[in-house]
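Supplied in structure tokens, the structure appears directly below.
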Amino acid sequence: MAKPLNIGMIGYGFMGRAHSNAYVQVPHFFDTKHTPVLKAICARDEAKAKAFAAQWGYESIETDWRKLVARKDIDAIDICVPNNLHAEIAIEAAKNGKMILCEKPLAMNAAEGRKMVDAVEKAKVANTVWYNYRRIPAVSLAKRLVDEGRLGKIFHYRAKFLQDWTIKADLPQGGQGLWRLDIAAAGAGVSGDLLAHCIDTAIWLNGRMDTVCCMTETFVKERMHNLTGKVEKVGIDDACIFFGKFANGSLANFESTRYARGHKALYTFEINGENMSLAWDLHDLHRLQVFDYRDEGKIRGWKSVHVTDNSPDHPYMDKWWVPGLAIGYDASFTHQVADFLTGLDTGKPASPTFRDALETQLILDAILDSAKSKKWVEVPKA
Amino acid sequence: MAKPLNIGMIGYGFMGRAHSNAYVQVPHFFDTKHTPVLKAICARDEAKAKAFAAQWGYESIETDWRKLVARKDIDAIDICVPNNLHAEIAIEAAKNGKMILCEKPLAMNAAEGRKMVDAVEKAKVANTVWYNYRRIPAVSLAKRLVDEGRLGKIFHYRAKFLQDWTIKADLPQGGQGLWRLDIAAAGAGVSGDLLAHCIDTAIWLNGRMDTVCCMTETFVKERMHNLTGKVEKVGIDDACIFFGKFANGSLANFESTRYARGHKALYTFEINGENMSLAWDLHDLHRLQVFDYRDEGKIRGWKSVHVTDNSPDHPYMDKWWVPGLAIGYDASFTHQVADFLTGLDTGKPASPTFRDALETQLILDAILDSAKSKKWVEVPKA
Amino acid sequence: MAKPLNIGMIGYGFMGRAHSNAYVQVPHFFDTKHTPVLKAICARDEAKAKAFAAQWGYESIETDWRKLVARKDIDAIDICVPNNLHAEIAIEAAKNGKMILCEKPLAMNAAEGRKMVDAVEKAKVANTVWYNYRRIPAVSLAKRLVDEGRLGKIFHYRAKFLQDWTIKADLPQGGQGLWRLDIAAAGAGVSGDLLAHCIDTAIWLNGRMDTVCCMTETFVKERMHNLTGKVEKVGIDDACIFFGKFANGSLANFESTRYARGHKALYTFEINGENMSLAWDLHDLHRLQVFDYRDEGKIRGWKSVHVTDNSPDHPYMDKWWVPGLAIGYDASFTHQVADFLTGLDTGKPASPTFRDALETQLILDAILDSAKSKKWVEVPKA
Amino acid sequence: MAKPLNIGMIGYGFMGRAHSNAYVQVPHFFDTKHTPVLKAICARDEAKAKAFAAQWGYESIETDWRKLVARKDIDAIDICVPNNLHAEIAIEAAKNGKMILCEKPLAMNAAEGRKMVDAVEKAKVANTVWYNYRRIPAVSLAKRLVDEGRLGKIFHYRAKFLQDWTIKADLPQGGQGLWRLDIAAAGAGVSGDLLAHCIDTAIWLNGRMDTVCCMTETFVKERMHNLTGKVEKVGIDDACIFFGKFANGSLANFESTRYARGHKALYTFEINGENMSLAWDLHDLHRLQVFDYRDEGKIRGWKSVHVTDNSPDHPYMDKWWVPGLAIGYDASFTHQVADFLTGLDTGKPASPTFRDALETQLILDAILDSAKSKKWVEVPKA
């Protein structure tokens, strides 16, 4: 019989929905010894909590997260609230012996992140951060190819995350659905929101980064704040570009912006190795572009691998449909839950743990330091 | 409060899973007055029925479909078994006053199909056929553009459905998972399995077809039959090509095969109108290619519309995530359930009904007749 | 020293320019023993002949093609006039012992084509037809891959040639630049103009075609004729679709139209073999799409081969620039001249000869017969 | 009658061929009052000069460039030799009153470049630098769209030039065909060779750049030098990444490398404006990607504009073939000659002049300074 894993979710926004969906879906597609149970949803607004519970089948609600993390019937806390609340909740949950699944980025900064790592490691509770893009099948396939040593010496790693939704100057900062524009709630702009994903994938695929040099820009200097009703200075980075060097000697070139007209969520990466190069694009998430230099010259070219084979060749896809048929963005969360549960079963924690995610946080701190100081900055060891 | 709609599902294969997933997902994303309840799963093999029920949360099992369709606590029968069983089950279910959601193609042939139409219409039960591709957001968007009259006079409609999974000559025909190769169970080969989808979309977008001329081919003439253990003549069409004329004067060019090396499920269509052309491809299902002749000449070109805006602009997408993020093939079934439920609520049945699907069946009969007679054939009126 | 090959060109339109360019270019890029000399241009309008001669460097002009083909100082006649003049000129040129380079299609029909073949074979003069697409490097690479036996058994060959320039109903038929719409001058519509190319490439790559079944359509029934000033019935096929069977058992699906909004010259073909599939597209002419089933499953996908390596791997490209840099459509003519000259040097005639092109003509006759009779038609042997 | 423009070409390598081709082609396709005459080719190796003259039709040869620039019968000097010779030759040519068409980059550095600008401006001779990519039709179309103000406020300009031909560690530096790897001959690595193109296009489209911050890398530290036969330290940059700010407030992100496996000459740029974004790619040079925010939301997407219309809509294309048919990389040089000649006719010099190219040189100096100092650097005014 499956062992229940009682989930207590905090937050009911975009990510609250994505995680809830994953908990519901995982037993339909994956065989794991643990099965998630939607035990409680927590939100300050009781009516909203109730509505969310009804829609997703949560058994109960809470309006105070401190009560939730103290409940005996909860095994794991899922943190889906703005970044400025991650640390406090996670540390308290760890004290209560709860496992933690925390939205990315881990924290407002590395200092907070370290405390969170200390808390979960001291409490010896399972923990993970929702860097879900690792588990898009095409991205997981890239990881396998790298791990098999197919790329040879790596020369370049490039990533971008381009959006265009904040170009309008009359878009408010802060308030419902807009906390990502509010420096107090988000801690940073596109760096923490978008580059965090790019960095997480990069260090997973290509190892740690040593030094960085960065520039940021805030195109719209002032915006009305929905919570105060006043026009206030914008504190976040609207765009962030950095380069640097990985420990393996390869060069980094990263860029993120919310001012790239025509792109909604264009997360792309490319890694160039001596023998193989790989490229991926979130807008066409099922395709991994592979250039294999060992192919015969006459017919060498970029292969567009449609990662949909329901065979072990293509990560996770044997659990879904038949070849040629796509799964959605949301499946990446389902895969993360499946791997988290397998980690519980096997005792080998699924990545990224809080400790793994701290490394991303250290790079985020370093790039923002560099943007401020206009100097190269070394990334401290995690 | 949501009204329960008690589902009795017959079959537990690929489509059984896809439909079950849709029933589970619909209340999480759509607001409908009715909510599906997974009441019973029916399969001849009791152990398999139990396992499926456990995985998906069906409340009960049956091993005899006649018992299922007679149960008082079942509102709707979902038919997910091979084609040769559709008619008998559907007619019996209709007699029992059950709504019916039937896998495609509707029937083994038009004669069977007519009986099924008569049965559901006589019984006045809600009915639909799972031509799910209508509800891929990009395809639904194509329908809207056509309905808005943007294309002007239509000249051409082209569709292909290319696969490559039966090239190996030692693949058996028939038996578990292979009934699609068995003429007795499937009724036809790629025509009924794949072209049925292409035809359904085509008549939805472009209206009825008047005359057709077809060729078929069976590349592998004999295969072992898993159920008998003997090498037997292959009765299905491995490839099927036809052209013809739509009632609106436009030309049809359709092709399907399971011998197109390199293609897994490459369903593509293109419609060329005087003022606009549209093209779509299942392998990249979120993109609709749009050529708008009314665009300024200097920057006229095929637009790759990534149909992921969470606004009413893009069908169904306001129910899911945020712009740029893909949903999967499986969502097309969820959308069909949502529309079916809305049809119950509003009294306006969601398409395609059995009667709509009969039109596809008539075209399928006509093309197979043409392939046999080597003559042009007129498509009878539905 | 290079041996001069004195060219007498008849016609100064689009093809007159393309061929002249090829003659000029060939010695700059290719080492051949013969070198073309632009000896004479022939056109009925003296002023236009003079202007063309000045622009391209022809040494002399003629206004009567009979005089040109009789001139002692002319080695080769290049026929760039409407189709209805090909046979007469070619036969007369052959009688005068001239080599002939004739625009495609060879003739108005196969009967004419046979006479032309007889004439050049009797006169033992070098001859070729300008089916230039064979010599786009990506297409030539496809031929090599086929000849190396990489594809295995062939199942399908598909080709389309889509344009949109005659949608406007007030476009005249006939007259300057519009003779392709005039049945008297062109002999046929899109079949002879566009499908002729598709068929030539197909039989080169995939061998002879045995049987065909075709439909044609004339969307605009009447147009003003520029030469008469009257509205007259349109005699050409505006669209032409056919299927059929190649001698190797593979299935043909061909389509051509000038009513496919959004496509200017979209000549595409795809060939599906047991072990490899190939696809090509004139709008992106430097790319050959290759699916190699022998690739490892994990990273199997369509390769986009950018056929620009300046190595012997990529046909003709060692004569041009450096890897990554494209050559134009016009280079296909230059390559054909280079191969024609090499044929003179080596005694092995470059394809397609008149006899090769007659095979295309026989298929064109067969499809038009089929469209008329609404029956399958066997293609006679050449 | 056309006025002859007598060309004296120095150098016979890749660029010598590309320029010669342009001089030959221009009168066949463009109507200009001046017509180039291939008067003399200069190379130290007499045999090679003779062979080149024979192949391209140069009337005479020289083996000493000083003699060439002094010849009375020469109107214009074309400099196609390694970068370290540009300044000396150009200054001497200017003193002799010759027009100058100089290969890019203008000079070894900005100091040299300034002297060259002074020389040609003092001598009042027509001058241009062969930044040929401006005249790829798709790139010229981008310029028109920018000039028409369609993009609105610009936020981002990104460019990359990726190659992979120097990954092999045993490739020598220097010597025939390899001078681009020799710091003494080239002055710099990928910055001067490749980023120079990216920068030239960028400042043409997006205006001047104010500040930059750069990193460079030399992956292979030592290579044998073909001229000395010794293994020597490599002085060039193998890879170069920089970011910075344009005067219009937009952000720059540029990268170039010869270590990006799978890319031959992947020059790409993208410009993101408030109302429109544009992207281009040298490997598919006829396509301009256009995202027009003013398009209706429902069908908004990136348009793939195939810039081949033979109408004034598409720059230069009315001079070539018919819609849909590509021209090659080499045509960009033909266009530059045509515009240079038109500049002579009209008195409005075609860009880029030496002065325009000096701006690129200043940026190149600034980025290399920044890479060395690891600091942000301001770009001096030209």
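Residue numbering begins at 1 within each chain, and the chains themselves are lettered A, B, C and D in the order written.
The rule we apply is simple: a residue touches a chain if its C-beta (ideal position, glycine included) is under 8 Å from a C-beta of that chain, and two chains touch if they have at least 3 such contacts.
This is a predicted model, so every value here is computed, not measured.
Each of A-D and B-D has its own count of C-beta contacts, and the greater count is at A-D. The most distant chain from chain B is D, comparing centres defined as mean Cα coordinates. Over half of the residue numbers at the interface between copies chain B and chain C are found on both sides, making the touching surfaces mostly the same. Taking each chain's centre as the average of its CA atoms, chain B and chain D sit 55 Å apart.
The centroid of the Cα atoms in chain A and the matching centroid in chain D are 42 Å apart. Shown for chain D are the residues that touch two or more other chains, namely 263, 287, 302, 306, 309. Only residues 155-156, 158, 162, 164, 167, 213, 215, 217, 219, 239, 241-245, 249, 251, 253, 255, 257, 259-263, 272-277, 291, 293, 302, 374-376 of chain B touch chain C when the two sit together in their complex.
The touching residues of chain D, when paired with chain B in their complex, are 141, 144-145, 287-288, 290, 292, 295, 297-306, 309, 311, 313-314. Remark: chain A residues 14, 17-18, 20-21, 24, 27-28, 55-56, 163, 165, 263-266, 282-287, 306, 308-309, 320-331 touch chain B in the complex.
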